[in-house]
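Both complexes shown next keep chain A, but they swap its partner, so chain B is in the first and chain C is in the second.
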Partner chain A sequence: MTSFLEITVRLAVWLLLAPLLPGIINKVKAWVAGRRGPPLLQLYYDLAKLWRKGVVLSTLASPGFLAATAFSWVAVLAAALLLPLGPWGTSLSFRGDVLLLVYLLALARFCTAGAALETGSAFEGMGAAREVSYAVLAEAAIITAVLTLSVQSRSLSLEAMLAPSAGAGAALLAAGLFTVLLAENCRVPFDDPNTHLELTMIHEVMVLDHSGPALAAVLHGAAMKLLLFSALLVQAVLPVGTLPAAAAVGVLFGGVLAVAVGVGLVESLLARYAFRRVPLLLTTAFLLCVFALLVAWKGGAA
Partner chain B sequence: MDGLNLLVGLAMGLNLVALGSSRLPSLIQVAAVQGVVLGVMPLVMEPDFRWMAVLIAVATMAMKGLVIPALLRRAMRTANIDRDLNPLIGFVPSLLVGAAGMIAAVLLTRQLPLLPEHQESLLAPGALASVFTGLLLLVGRSKAISQVCGYLILENGIYLFGLLLIHSTPLLVEGGILLDLTVAVFVIGIIVDRIQRAFDSLDTRKLTVLRE
Partner chain C sequence: MSVSHLLILSACGLLLSLATAMRSSRAWLATSLAGVLSALGAAIFTLLSNGGWEWQSSFRIGGETLHLRLDGVSALFLALVAVLGGVVVSYSREYWAEAAHPRSAPRGRFWLSLMLLAMGLLLLCSNGLHFLLAWELFALCGYFLITLDGRLREVRAAGWLYFAASHAGTLALFAFFAMLAARTGSWELGPMQTQAELAPLFWLALFGFGVKAGLFPLHIWLPSAHANAPSHVSAILSGVAIKMGIYGIVRFSGWLPAPAGAGWVVVGLGVVSAVLGVAFALGQHDLKRLLAYHSVENIGIILMGIGFAMVAAAHGHAAWGALALAGGLLHVWNHGLFKGLLFLGAGSVLHATGTREMNRLGGLWRAMPWTAALFALGAAAIAGLPPLNGFVSEWLLYLGMFDAVNQPGAAVAGAIPAIILLAVTGALALACFVKVCGVVFLGAPRSPAAEHAHECGRWMRGSMGVLAAGCAAIGLLPVAFWPAVRSAVAAWRGATESSPAPESLTTLSFIHVALALAGGGAALWLRRQARRGGWARAGTWDCGYAAPTARMQYTAGSFAGIITEWFAWILRPERHAFRPQGPFPPRAAFHEHTPETVLERVLEPVAKAVLAVSSAARRLQHGRVHAYILYLMSGLAVLAALTFFWGR
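And then the complex of A and B:
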């Protein structure tokens, strides 16, 4: 019974807190630009509104369109449940669960891209192609980051990997993971979440044909993915797992908040990069993770 | 020793930034910042205060951080060239090759018969990596000014290697090298202007074509 309660609490945390993060980022952007900005809870209102609306489907779309959207949302949620939260660990931990986490995220992306192709729109196919080609590079970086954590903790399960701090390579790893976070969540130097010009958008163009509850699932999934990456980044760099419960909650929330503010600042200060510059940035993220791996290796050997 | 390793690590990171930067002003900036980082090193290495060391450090920082970049920027302005670098070796490949070279440098110095006090230091790998980066920039960029930046980074590598011998070489030698470097960059600044006037381009690939 307790485990049932625990999973319910976990689900509630992930489901209810996730839409807060884009709100914080938008507030930071508005603050830097000197605007009042949308309310902090704007995404909750949007989700509630979308949920009440009907769905308009492309005539070409098969049932696979809605199924893939739902599947992608469930995959992100499952990945989120695998991520340990500070001293509370995960509800499900086993050797190699980190690979499951990475591949659940890949599955979510596959489903989103599949749903985009399903609509038969040329623009959405283009967006899917771009998203997947960036993902190839971002995935190399995240796998290297995972390898770094696994080398320095000599373990393959997330709970043990995230418990100790990353040591000397922490700064390198943090920089690499932050870049990956921006790329994976389609934030500014890679993609502009506000743009609505089909020729330049990536993630936004893939979800053009989603409406009503399907769009709500996509938006909520994106918010959850952002929260997941922020929590992963904070726990990979700070030793949250070893702190007492109250301090861990504080550090975790503070860290996630700092990441959100950082994303907001990056979005206010940088413009989106030209497409040909993006591989360079992702290669940089990959190299940062490679050097973090080398530091972890050398530190482990000495 | 940790402070020094941090600085060398910073210089090695700047090597990669130099390989990845696609605009001429940012490349010049990176070479300047690396020069300043290198200038601080003798101060960190020498715990006891010596006038000569401080003088050389300050002179290095002033020359590499202010004078040489100013000369290069002036050359760039007077030659009035396109600031994109249009590389022969693309940015992503050169970044990857540079990183591979850096790792190879670390592995290679493990094989070198260094003094015991230099075993843990990053100076020797940093020197090799900087020389390699400089060579890569010299080979892989086509603008004359970007090749000068490659040459500066190569010289930075040699300077790093010289720091291994800081206790036995007179600092006067360093001063002489610094003077040579400044004069060289000064002369190159003039030559760049001449090349631009004679050929209407600073692309060194075009300099191989004979013309009246």
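And then the complex of A and C:
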């Protein structure tokens, strides 16, 4: 019974808190630009409105279009549920759960890109092609970060891997993971979440033909993914698991907030990069993770 | 019933099916299904009883007593042969039916039954001489099956290439078994790790079996053979025939003493096959050729498991080696299931549209919903996505490699790049299968052929359904399949201790089931919510573009363009562009073709050079007797000069 209650609470945290993060980022951007900006809870209003609306489907779309959107959302949620949350840990910790997390995100990507190709639009095909291509580099960076944490903690379950700090290579790992966070969550400088009529988008362009509840699922899934990556980054770098519970909660929330502010600042101060530079930036992120791995490996051996 | 009874029953069934193949397709179907089902029974019985079965004849064949043995390793492969054999037999009944192929259908049935029989024999034989006989029979059946439709030039060329490559491998195997027999004094096979002088022979076995397995760069025969064979034959080739090569490598890496560094060579070959296999696949626009390159990729993943097991054995039989081997061996099953499914799906597409060219397909889900759905499931499975079977085997392999990293020893430096490259392979395979599903089944039809496609019949759908169910079953309940894998791992080096299931496998099962249920539930919920709010259909919005046409869609080449550009150093794509010129350009075109680099850029130039030298040397032979006398005289003079000056 307690486990049922626990899962419900955990679900509520992920489902209800996630849409806050884009609001914070937008507030930061507005503040830097000297605007008032949209309300903090704007995404909640949008989701509620979209969920009640009807849906316009492309004549080409198969029943798989909505199914893939739903599966993608469930995959992100499942990945989020695997992630420990500071002192609360995770409800299901097992050896190798970190790999399941990485591959659940891949499942979400498979579904999103597949749904994009349903519409037969060149535009969305372009977005899907970019998404799956750049994900190759992002995945290399993520698995290297996982290796770093695994070498650091001599373990292969998220709870044990994320408890201590990332050791001497923490700064390198933080920089690498932050870059991957920006790329995987379609933020500047990889992608521009504000434009909808640019040939230069990746994620946003894939969901052009989603509408109503399907678009709500996509937006909510994206918000959860952002929260997932932020929480992962904070716990990977800071020794959240070794602190007393109250401090750990504070550090976790403060850290996630700091990541959101950081994303907002990057978005305000940087322009989107040209596409040919995206692979270079992702390769840099991969190399940062490789150096963090080398520090963890050789530092641990010494 | 014991294993012997089941095997006799299976042999009788297959022999009867050989006899009936030429006459009645119904009797053939019944007898061969009975044959493969009893073989499956024998394999399952052996795997679950965790023991072996042996039998020696009192008579001799070729001067040797017939020695049959079924242990965990061979039972694992026998089960795959049986399952895929049964499925392909039922599929071919409709796919290569008498009505459409009056001449080749009976022949196809005969060679298919004979090939299944030969593979079964090959897995059972425990005598080098008989093994070679079965191997040769199996290779020949492959040739006749590939060239079933021999009217087409490229089919004959593919068959010839298969024949030549296969026999290059067989030559190495002749040398291997002959030298093994010469050094041990007997053709009998079995564990012989203690005889250290046999170690160098492993390299010969690796080459000989590697050609059949299709590891990079010995895969040259594989793409054209898989692409040009009838699709049910492609499924057999990719699903089980290349696994016979893997069987050989597994068997002799377990039985022979491994030379120093052999494990790392196998790991290296595996990593190279995995990454380059998928890179070449991305460059293809022929559906079946693309799937063929994915076989190279998956063989690479399997080899990584075997290689790490060998490394672990060399470092003192660490537990992580067993995990990696379990991953590799489970991937043998998994690859057989999902690649069989994908090739059968490709066969249905070919059957319905008459083309393998992906850029002429599109939007097929409308006409072929079953094929599209089953193919998509196979695609998700081969991309290693949870909750399907591909993820389970890759996950076991990852566990083994991560354990190698976390234990002090020389394996760390090799395991780290292998892990990273396995992840990259996974992401590349995902990209490739998004491309295949999207270009073939989704969007708008790109040609009239795709527009007028039709769903395949019940037998073909049912066969694909069985394989899809297998993929889902291993994915959702991996714990149920663990005992089989465990007994194969234990039999690998004749060890008696068997590793218990990793406790996390149960948790993984649970999460996979929950994920599948939640995904299905969410899909229904989203659909209901969308219906409630009002449901409208309209042309693709596409940022308001008014008149999109099917030709504007992303093609296979454009989808993979970014990644093939990264791999252009090895793919060497050939591009022919006719750019539009002037204010009213009459025509413009763009063709891109990815050649088989190893074959066309390495092997063919070398072969051409050899032929040029040979034909130059041939000029000496022209039939003029006086010139021959001159050769003799000058030869004698040179010999005389040599003995005169240096001979003293």
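FYI, the second predicted complex is superposed on the first by the 301 of 302 C-alpha atoms of A that agree within 3 Å, B and C clash if a C-alpha of one lies under 4 Å from a C-alpha of the other, contacts with A are read in each partner's own complex, and residues count from 1 in each chain.
We adopt the following convention: a residue touches a chain if its C-beta (ideal position, glycine included) is under 8 Å from a C-beta of that chain, and two chains touch if they have at least 3 such contacts.
Remember, it's a predicted structure, so these values are computed and weren't measured experimentally.
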{"item": "Partner chain(s) touched by A:284 [first = chain B, second = chain C, both, neither]", "value": "first"}
{"item": "First, second, both or neither for A:175, with chain B first and chain C second", "value": "neither"}
{"item": "Contacts of A:69 with chain B and chain C, given as first, second, both or neither", "value": "second"}
{"item": "Touching partner for A:265 - first (chain B), second (chain C), both, neither", "value": "neither"}
{"item": "Which superposed partner A:130 touches (first chain B, second chain C, both, neither)", "value": "second"}
{"item": "Which of chain B and chain C A:24 touches, first, second, both or neither", "value": "neither"}
{"item": "Chain B/chain C common contact set on chain A", "value": "279"}
{"item": "Contact set on chain A toward chain C in their complex", "value": "51-60, 62-64, 66-67, 69-71, 73-75, 77-78, 92, 94-97, 99-100, 102-104, 106-107, 109-110, 113-114, 116-126, 128-130, 132-136, 139-140, 142-144, 147, 150-151, 154-156, 196-197, 208-209, 212-214, 217, 279, 293, 297"}
{"item": "Of all residues in chain B, those that touch chain A in their complex", "value": "16, 20, 22, 91-92, 95-96, 99, 103, 106"}
{"item": "Footprint of chain A on chain C - complex, ascending", "value": "362-363, 365-366, 369, 372-373, 376, 380, 383-386, 391, 395, 398-399, 402-403, 405-406, 412, 416, 419-420, 423-424, 426-428, 430-431, 433-435, 437-439, 442-444, 502-504, 507-508, 510-511, 514-515, 518-519, 522-523, 525-527, 529-530, 533-543, 545, 548, 550, 552-554, 558-563, 566"}
{"item": "Chain B-facing residues of chain A, complex", "value": "277, 279-280, 283-284, 287, 290-291, 294"}
